[in-house]
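What follows is subunit A paired twice: with subunit B in the first complex and subunit C in the second.
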Partner chain A sequence: MSEYIIETDGLTRRYGQHVSVDHINLRVPKGKIYGFLGANGAGKTTTIRMLLSLIRGDEGSIRIMGQSLQRDREKILRNVGSLVEGPSYYGHLSAYKNLKIICMLLDLPEKDIDEFLDIVRLSPFARQTVKGYSLGMKQRLGIAQALIRRPKLLILDEPMNGLDPAGIQEIRNLMLSLCHQQGITIFLSSHILSEIQTIADEIGIIQNGRLIFQDSIQELEKKSTTRLLVRIENQQEAFRVLSAAGADVVLQEGELLISLSDEIDQARVFNILQSFSIQHMQELTVSLEDIFLNLTGMDGSL
Partner chain B sequence: MYKLLYSEYQKIKWLFILSIILLEGVLTWILAAGNTKSLSYYFPYNWTTLYFQAVSFHGMFFLPLFTGIFAALLCFYEHKDGGWKQLLTMPYPRFKVILSKLLALITLIALMQVLFLAEYLITGSIIYVEGMIPWKCILQGIIGGWLACFPLAMLQVWLATRFQSFGVALLLCIFSVIPNIVLTGLPASLGAWFPFSAPYYAMFPQGINLSPQVEPTTYILILLITFFAYFMIGIRSFVRKDWK
Partner chain C sequence: MMKRLFFAEFYKTRKICYIVPSVSAVVLILFTCLEWYLYFRQGDSGIYAGLNIIYMFLSFSMLLTISLLCSMVSETEHQSQGLKFLFASPVNRMAFYFTKAVWVILLMLWYSILVLGGFCLVWSLYTNKILPFSFLVKQIFGCLAASFPVLSIQLFLSISIPNQTLPLGLGVTGAISSLFLPRITQYDVLYILPWSYPSMSSPFIGGYTTWIAIAMGSGLILFVAGAMGFCSLEIK
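On to the complex of A and B.
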């Protein structure tokens, strides 16, 4: 058995001339939380819809739990819980009845309903019709609908949408416990890195339909460069010497901005700087969000 | 499959469905009773007259109209709040999902026909029509009318899965039953091609000077061909559709 629960090869989807998802090779490891990041319109939802067979891909293949989605669709879907672009529900029915329909269709015991309503804190409103719920409550119902299926894989598209900060924290904790205690793999998409960086083990970044990064969050962090802001007496001379030594340095408003990519680089720069009289030195750290924005080229657009 | 059908039963707003069926019944039978009385100079004041007077409203307008309304209602809640995503990520093949909608629809039509029969018996007793109840003729008409709705039901289910707006579906149905005034005057070999007209030919009793011209073999063949055609197109289109 493969170590990956989701594997796509060359998965592609076009809408007319526009390539929405462009030959992506997802590798989602079993038992982990995988954060699927990208700006709005980058192709996240299209990818998720293909993973759930709501739409067909034009090219490429999808294997989930080692089985081909095309061939074993029903077998796979039995073990997948999902939430795509907002919750789906029957507004004229109560939360209880919405879950009851799912239990009936999947042969699940009806006694589970109360437990899952409790998990998403909807028990007090269980008998009210869903159309009167707030967006956050509907979202929580959507999560209960995905969880009650007792899936091996959860596919959640922007699950934090519409939730307040407390709700987001709650869902984060829930996901961590589902993953760590029950071994459920969670594939979740977001357009905000900070929303998932604390819980995701693996990150995939999609931009203009292409998967531009896919690795552990530690690998993403390695992409960060420390920068030093140095005020120094003889800036012109220091700039010349550093540049000649191959350092990534910029002279701006009488200060030097030096990018340090690794430790060897750091040692070299410090050696050079020692021969100058330093007045002030400040380390500028780059957040993961900056890396993400930088990678996706969105730093200018936000 | 049974479970999908049962989930449809759970989702249906029964109070609304039963109310509109009963409303149709009241309207149809008041009109039919009125006509039976006022036209007693031309037609005998008996059970057969009462029946065909009702078929002139029920078979010609309400039955095809309600087939469309029910189809739209059965898909309405899936269109409204993303229910299709929920339903189509269940471990059921897509063709079973659309078949369960079709089965739910023809069950509702059957219910409407049963109530039509009950209302017939009640109305006849109230207005004291004469003679014997022509059981063979009316049962044949009611069951035949139900079966003749199948092509239309399949067409409507297919359209209902595509039209997101209930209003559009309703308007389309209303505009489609109006031509029945003219079309049902044609022989069945022509008129029955139009699915909205087909049920009328089966429901209207033969042997009256108003009876439509129906050649049974051709008529049944048309029903089979149209049903099969809508069935193939509808299922194929539903199975291949992109759900956004």
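On to the complex of A and C.
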């Protein structure tokens, strides 16, 4: 049995000449939160639509829970809850009736409705028609619709859209508890880095339809290089000495920016610069956003 | 699955879907009565001329109601983005499409029963002459059966295209053309168009049962083609 709940091989989708998703090989581990990160138009939603069989891929294959999506679509989707680009709801019906329709369609027990309305804090408004709901309430209804079938895999496309900070926090906590307490795998797409950083165990970064990174957040952070900002007298000479020692150093606006590595660590820099008069030294920490921008060549719109 | 889909359809159907066939039937009855009273009352056929007036307008009213119903039951899904949810759920697409068709057929049956009942009521209130009940039944339900190809076309277009302007435009044009198509004798070839079948399937026309059979056959082919097209639809 595979350790991955979602596996795609060479998944590709074209719209005319434009390649929206370009041979991506997703590996989503079971029981984890997988953050699918990418700028607007990078191909996140197209990928998700293919994972849910809303659109067909032009090339490649999708296996979910070890089964081929093409062959066992209905069997697979029975265990998949989803929210793609905003919730689907019948505006003229109440939240309760919307969930009741889902229970009817999927042969689920109606008694669960109240429990899930409670989870998403919609119980007080359960009998009101959904067309009068705020954007956040509709989004929460969408999450309840995805959860009510008690899925093994949740695929959520930008689920925080339209939520206020308290709502975001609540949904974040809900996702964490669903994953860690009930073992549900969550595939979460977003273009907001901080959203992914705080909850995801694994991360995939898509850029212009290509998966340019896929691993744990820790691995992503390792990609960063800690840098030292040094203000010093006689910068030209210090720059020459550091370069000669093999350090990756940049002289900018009278300051030296030194990238640290295993060979050139902080102690070694001190050693090299001991004959110079150091005025100021600061270690620069690199945020996930910097790493992301670095990986995507800083041309992604965030 | 079919039973669950059917009950779900019942739950989400807007009230207007029940109102439209009812209003449509009442308007047809009232219009026929008015037309008869103003222009045909003093003719040789007397009260029986009413059957001719039903023949004149039944196909138009029926096709227009079918177009409206197909658009309304589809619009419920388009507005709610329900197709996206359904297609991402373990719901059989073919069964879903079939349920929609059955739902429209049931509403049209309700319309046909109302038209039949309404005429029987008006007839019995107005005259003591023998009601040609079986003729009326053949007229109304024959027209309904012959509308099946148009229903198949309208349902497919309405559910495939989110913007209902095209399906409704075609529906209205088709309903109007049904008033004229069977009366064009110079170009018999026009009779093969599905919009001419309802008028050709009246007991007033010789061999009308053949037209009903042709309509049912072609309707079935169009319906299956539409269902297959729907199953391969992509939700963008």
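Quick notes on this structure:
Operating definition for what follows: the second predicted complex is superposed on the first by the 289 of 302 C-alpha atoms of A that agree within 3 Å, B and C clash if a C-alpha of one lies under 4 Å from a C-alpha of the other, contacts with A are read in each partner's own complex, and residues count from 1 in each chain.
As a working rule, a residue touches a chain if its C-beta (ideal position, glycine included) is under 8 Å from a C-beta of that chain, and two chains touch if they have at least 3 such contacts.
Keep in mind it's a predicted model, so treat the numbers as computed, not measured.
Superposition of the two structures on subunit A leads subunit B and subunit C into a clash. In the superposed model, A:Y4 lies in contact with neither subunit B nor subunit C.
When both complexes are overlaid on chain A, the residue A:S82 reaches subunit B and subunit C alike. Once chain A of one complex is fitted onto chain A of the other, the partner contacts of A:L105 extend to both subunit B and subunit C. Contacts of A:R49 after superposition on the shared chain: both subunit B and subunit C are touched. In the superposition on chain A, A:K97 makes contact with both subunit B and subunit C.
The interface of subunit A with subunit B overlaps its interface with subunit C at residues 49, 52-56, 73-75, 77-78, 80, 82, 84-93, 97, 100-102, 104-107, 145.
Across the complex, subunit A is touched by residues 3-4, 6-7, 10-11, 13, 77, 80-86, 88-93, 240, 242-244 of subunit B. The residues of subunit A lying in touch with subunit B in their complex are 49, 52-56, 73-78, 80, 82, 84-93, 97, 100-102, 104-107, 130-131, 145.
Subunit C contributes residues 4-5, 7-8, 11-12, 14, 76, 79-82, 84-92, 234-236 to its touches with subunit A in the complex. The touching residues of subunit A, when paired with subunit C in their complex, are 49, 52-56, 73-75, 77-78, 80, 82, 84-93, 97, 100-102, 104-107, 145, 149.
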